[in-house]
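Order of writing sets the chain letters: A, B, C and D. Residues in each chain are counted from 1.
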Amino acid sequence: MRFCSDNAASVCPEVMAAIADANRVDTAYDGDALSKQLDGAFSDLFGTQVAALWVASGTAANALALAAMCPPHGAVVCHRDAHIQNDECGAPEFYTHGAKLFLAEGEGAKLTAAAAAELLAGVRNDVHQTQPAAISITNATEYGLAYTPDEVAAIGEVARARKLGFHMDGARFANAVAHIGCAPAEVTWRTGVDALSFGFIKNGGMFAEMLIFFRPDLAEATRYRRKRAGHLLSKGRFAAAQVLAMLEDDLWLRNGRAANAGAAQLAQAAGARLIHPVQGNEVFLLVSPAEAAALRAQGFDFYDWGPGEARLVVSWNQPAEEIAALAAAIAAL
Amino acid sequence: MRFCSDNAASVCPEVMAAIADANRVDTAYDGDALSKQLDGAFSDLFGTQVAALWVASGTAANALALAAMCPPHGAVVCHRDAHIQNDECGAPEFYTHGAKLFLAEGEGAKLTAAAAAELLAGVRNDVHQTQPAAISITNATEYGLAYTPDEVAAIGEVARARKLGFHMDGARFANAVAHIGCAPAEVTWRTGVDALSFGFIKNGGMFAEMLIFFRPDLAEATRYRRKRAGHLLSKGRFAAAQVLAMLEDDLWLRNGRAANAGAAQLAQAAGARLIHPVQGNEVFLLVSPAEAAALRAQGFDFYDWGPGEARLVVSWNQPAEEIAALAAAIAAL
Amino acid sequence: MRFCSDNAASVCPEVMAAIADANRVDTAYDGDALSKQLDGAFSDLFGTQVAALWVASGTAANALALAAMCPPHGAVVCHRDAHIQNDECGAPEFYTHGAKLFLAEGEGAKLTAAAAAELLAGVRNDVHQTQPAAISITNATEYGLAYTPDEVAAIGEVARARKLGFHMDGARFANAVAHIGCAPAEVTWRTGVDALSFGFIKNGGMFAEMLIFFRPDLAEATRYRRKRAGHLLSKGRFAAAQVLAMLEDDLWLRNGRAANAGAAQLAQAAGARLIHPVQGNEVFLLVSPAEAAALRAQGFDFYDWGPGEARLVVSWNQPAEEIAALAAAIAAL
Amino acid sequence: MRFCSDNAASVCPEVMAAIADANRVDTAYDGDALSKQLDGAFSDLFGTQVAALWVASGTAANALALAAMCPPHGAVVCHRDAHIQNDECGAPEFYTHGAKLFLAEGEGAKLTAAAAAELLAGVRNDVHQTQPAAISITNATEYGLAYTPDEVAAIGEVARARKLGFHMDGARFANAVAHIGCAPAEVTWRTGVDALSFGFIKNGGMFAEMLIFFRPDLAEATRYRRKRAGHLLSKGRFAAAQVLAMLEDDLWLRNGRAANAGAAQLAQAAGARLIHPVQGNEVFLLVSPAEAAALRAQGFDFYDWGPGEARLVVSWNQPAEEIAALAAAIAAL
């Protein structure tokens, strides 16, 4: 029973079916009928005109978004625990050609507007210091917290005041939106976000993430960068197909809700062991090494997340009996 | 009836089935059971120990291979018509951090050992000139020619004498091997090739190309570069599955032969119109604009390839009746 | 008697004196009184508002200029024999983060508008091909030819039509202007040039070259790139001092004329041996290996420049007797 | 009376004289007689075989050193207050093509071995995290502290254990060595340092800093990188001349001692106002805005260095009366 990562989950049947349906000859790259529907489909979802590009990984989506906003001699403000800082082997630096990440603090990997503003205030405006060009947040955060529209708006205001780009790493955007219960627009462009890495792979997709530009002009150079990075897939219709399938009848949101519900069940069992509130599909809890071993002995796989801490991730289709069993096991510790 | 590009072809049933079979939870990235089989499977195929990495595009495979061989201040010798020069929007420059491509001549986009040696002889060995670090050839070439083992060996000798890396862009490696009829080893490591971009997508795959290092030590830094470029897919098992399916019973070779046979049929019809010998699945022929229009009026899609020239590409599963119809139409021009 | 390179010449007395005069405490970097005069001094010289930045080498000036005009995924059109292609170890690729150089032809390393236009016409406008963003010419060329205002204007027109930046590598700008006899404006901004690498080091300076932006907005990001490249010297007043000394009473032009006159004297002696017309301070001539050896035996140092060819460079203060002796020796061959 | 920065100081007479002496024709770049003496001169100074390259700025020296040790996908461990992090506009990221700086803590900008080890222990050894490749320290630190040989050795040990390169930014190396009173070897290669940016400009030089490789093999690729960055000056003999003049009779050390003595005099006057011990030529002291204004009203120029803090820097030739006057003014606050 694996609670290691939603990254390792299976692909949902609607996506598999859409891939099978797409198996016919069509124009290569993103000239096919399906890829051409993406701008429209995401513009509808967000209620504004967007440019929507598929790429093969969230790392590529994040790095391309940052490269669209930040010159090589610029900097991106993000949380110290951000995925772009710790888990992408320097992809932002690669795609931006050497921009810096400026690291700010915040509970549960959540960047606060105040922390961002304080960091920015400390940067001298001269050629000796790398000048900030963008802010990036992860929603849901690396510790499973969802930003409220007000929180996003406050950061958006900081970005606007300094003319910085604003990027959201939404590897688990579905989980965040499912938790907040707002329209996707409310935590993105309406509150200042310029570009969103909209994750589908952890949520039931196979190999397609979307890079959504709420300022469509940012997409122009990005199309060259995408090709140049080897992310303009030649049979792109299979990427488009899976994303369109996820949008159909809000499958992405239903999958997000399902995973969140499982995590909530674990959270209830965990009680005082919880390190962070559970607002998505991730549960961080205090467990001694002996307790962790005991859980593993019962067949539960998961990652240690620092000394005395464990991370449990519930996938979109995690079997109910696995969740119930783990909840019981935690409660029984 | 599309003869534009094998890039746009459908995915072969064995690959679709393998993808469906892979749809279970497994370790993320390349830690899954299927990805772990790749080194072994390709070592068997080539009869030597290799390191085998999947990536999502041939552009990424090529650029990662070159980055493994060439420092930022180095140069790669290739043909003036090479895909890496003309069709990858500077991916080699991106991944190598600014290496140069030195362009040599040769009939039909085929680099000759003599042309490479002559170019190399003209480079001063001082810090003012970019120093060559690698040679890259495309096999089959951009004009559909296959290198013989002797031709590869002659270039390999030039590379060895200057201590250069030797890369083969095998986007259509299957077609080349099918034409030459040799063991894959004979046109790769046995004749000096250090790294091969082994193409599967044009040949019936969906989104997986293989980067094969015949010097496995080159793979080490490449694993970091792959992650950093966003090409370490989180559900990598689906990439591995399709490649393993293509290796099974030499499906890759059978598909290559099928496409070649179709092209041969067109070549026969084309006769004196042929611009290059047909040794793979591509046919370049002389057609006036009026003739091209006539073919298109009969329902054949293809690309113009310079003034008075057209390119026809036969895919692995191009229907026999389409090929026959096109052959007849060409003969009737 | 050295005719190898003006690069190796001594520094002219006015520059030495200016450096000595600048030896007092002043604000660091480019905040000193002398550096602050540069924008004004060069705006006066060119008769238009410019931004003028010192750097420590012509390579840095060229590469910074190109980086200001060309994105990482862009290309710069230049002559096949351009210094930026052959003699800067990939500096343009380093500073632009991997842009390509597209190489055009032309007699005597002189790019023609027609050659540039033809090259540009051959570039497909799609994301697979690197898109041209700038044109760069060298004036005087690597073979010592000076562009007329009409020739520059024709290329400027090609650049304007494609919205490309236009850069002039003026490592020997003084020699070119001295030959043409026009105002500096006539072969720069009035004929479409956006940025000029204005060389002083070969012409009597010590370690300062100027990067002149005729579109001053291009200077903004360049100030960061200059710092980032380590070219914002901390005692920049010594760089500014030498350049200001060179502008005083048109010393730069007088030095250029002096060198040109010496080269003209050699050219007259060379007669039919000349490979290119002599329009600056460089003389390329046909000499057999035996003849070259004979000249060297008489104490003349110079570079071979291809088989059967030699390059002679006359410096701003080349002694008259050395020039006369070499002229006589050439005539006597 | 300027106590802003030694960067703005005048050039010492021996250097001016050496520059004047070097004003003759010699081979360009680093092929001249003076540049060729550098390897030997610095090998003598350090008592081991080194490779010694001049560059035009400390930023270039630091960035080239790091690029020699750290791949684009690697990281450099340094102090949070390091010059390479805060004051070089991302030069390390530019030259390394996007390596990260990992920031550690330590009193007075001094990195401790323990802090470095702790940071390193927190890095997962997988392809998702940027892997450390080097450690860099500044000696004297950005707050004017000098490392003892034992302190350097402890960090050297940490580097050795992880096979990391070890770089020392010695912009004020003279001040550090003057304070510690050891042989230069004791705080460099004997205690594990692989490369030293040996500063001369702040200490009486004009435009030459030295990059010293104690592992001479690291110099090889650096020669190409230096050219590519535009730091291979064409009249390099003037750079070599000033450095050789500084080595003569240990002028560099005498200048360092002189500046240190002035700072010590200020420190004595400052007493409890000192924020850090004074071990070089920099004095950081607590002063209220009113007090700072009072000092400025008396004609003393200096930088504020955070709220309620000021930095005073004494140059190699700061007049004794200026120092005495400032000391008195501080004492009188």
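As a working rule, a contact is a pair of C-beta atoms (placed from the backbone, for glycine too) under 8 Å apart; a residue touches a chain by one contact, two chains touch by 3 or more.
Quantities reported herein were computed from a predicted structural model and do not represent experimental measurements.
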Maximum centroid distance from subunit C, chain identifier (CA atoms): A
Pair exhibiting more inter-chain C-beta contacts, B-C or A-C: B-C
Distance between the centres, which are taken as Cα means, of subunit B and subunit A, whole angstrom: 34
Geometric centre distance via CA averages, subunit C-subunit B, whole Å: 42
Chain centre separation (subunit A, subunit C; CA means) in Å: 50
Where subunit A touches two or more other chains at once, by residue number: 72-73, 88-90, 94, 97, 127-128, 224, 227-228, 232
In the complex with subunit D, residue positions of subunit B that touch it: 71-73, 97, 127-128, 131, 221, 223-228, 232
Subunit A partner contacts - residues on subunit B that touch it in the complex: 2, 4-5, 7-11, 16, 19-20, 23-29, 32, 55-61, 63, 88-91, 94, 201-202, 206-207, 224, 227-235, 238-239, 315
Residues of subunit B defined as touching subunit C within the complex: 72-73, 75, 86-90, 93-94, 96-101, 127-130
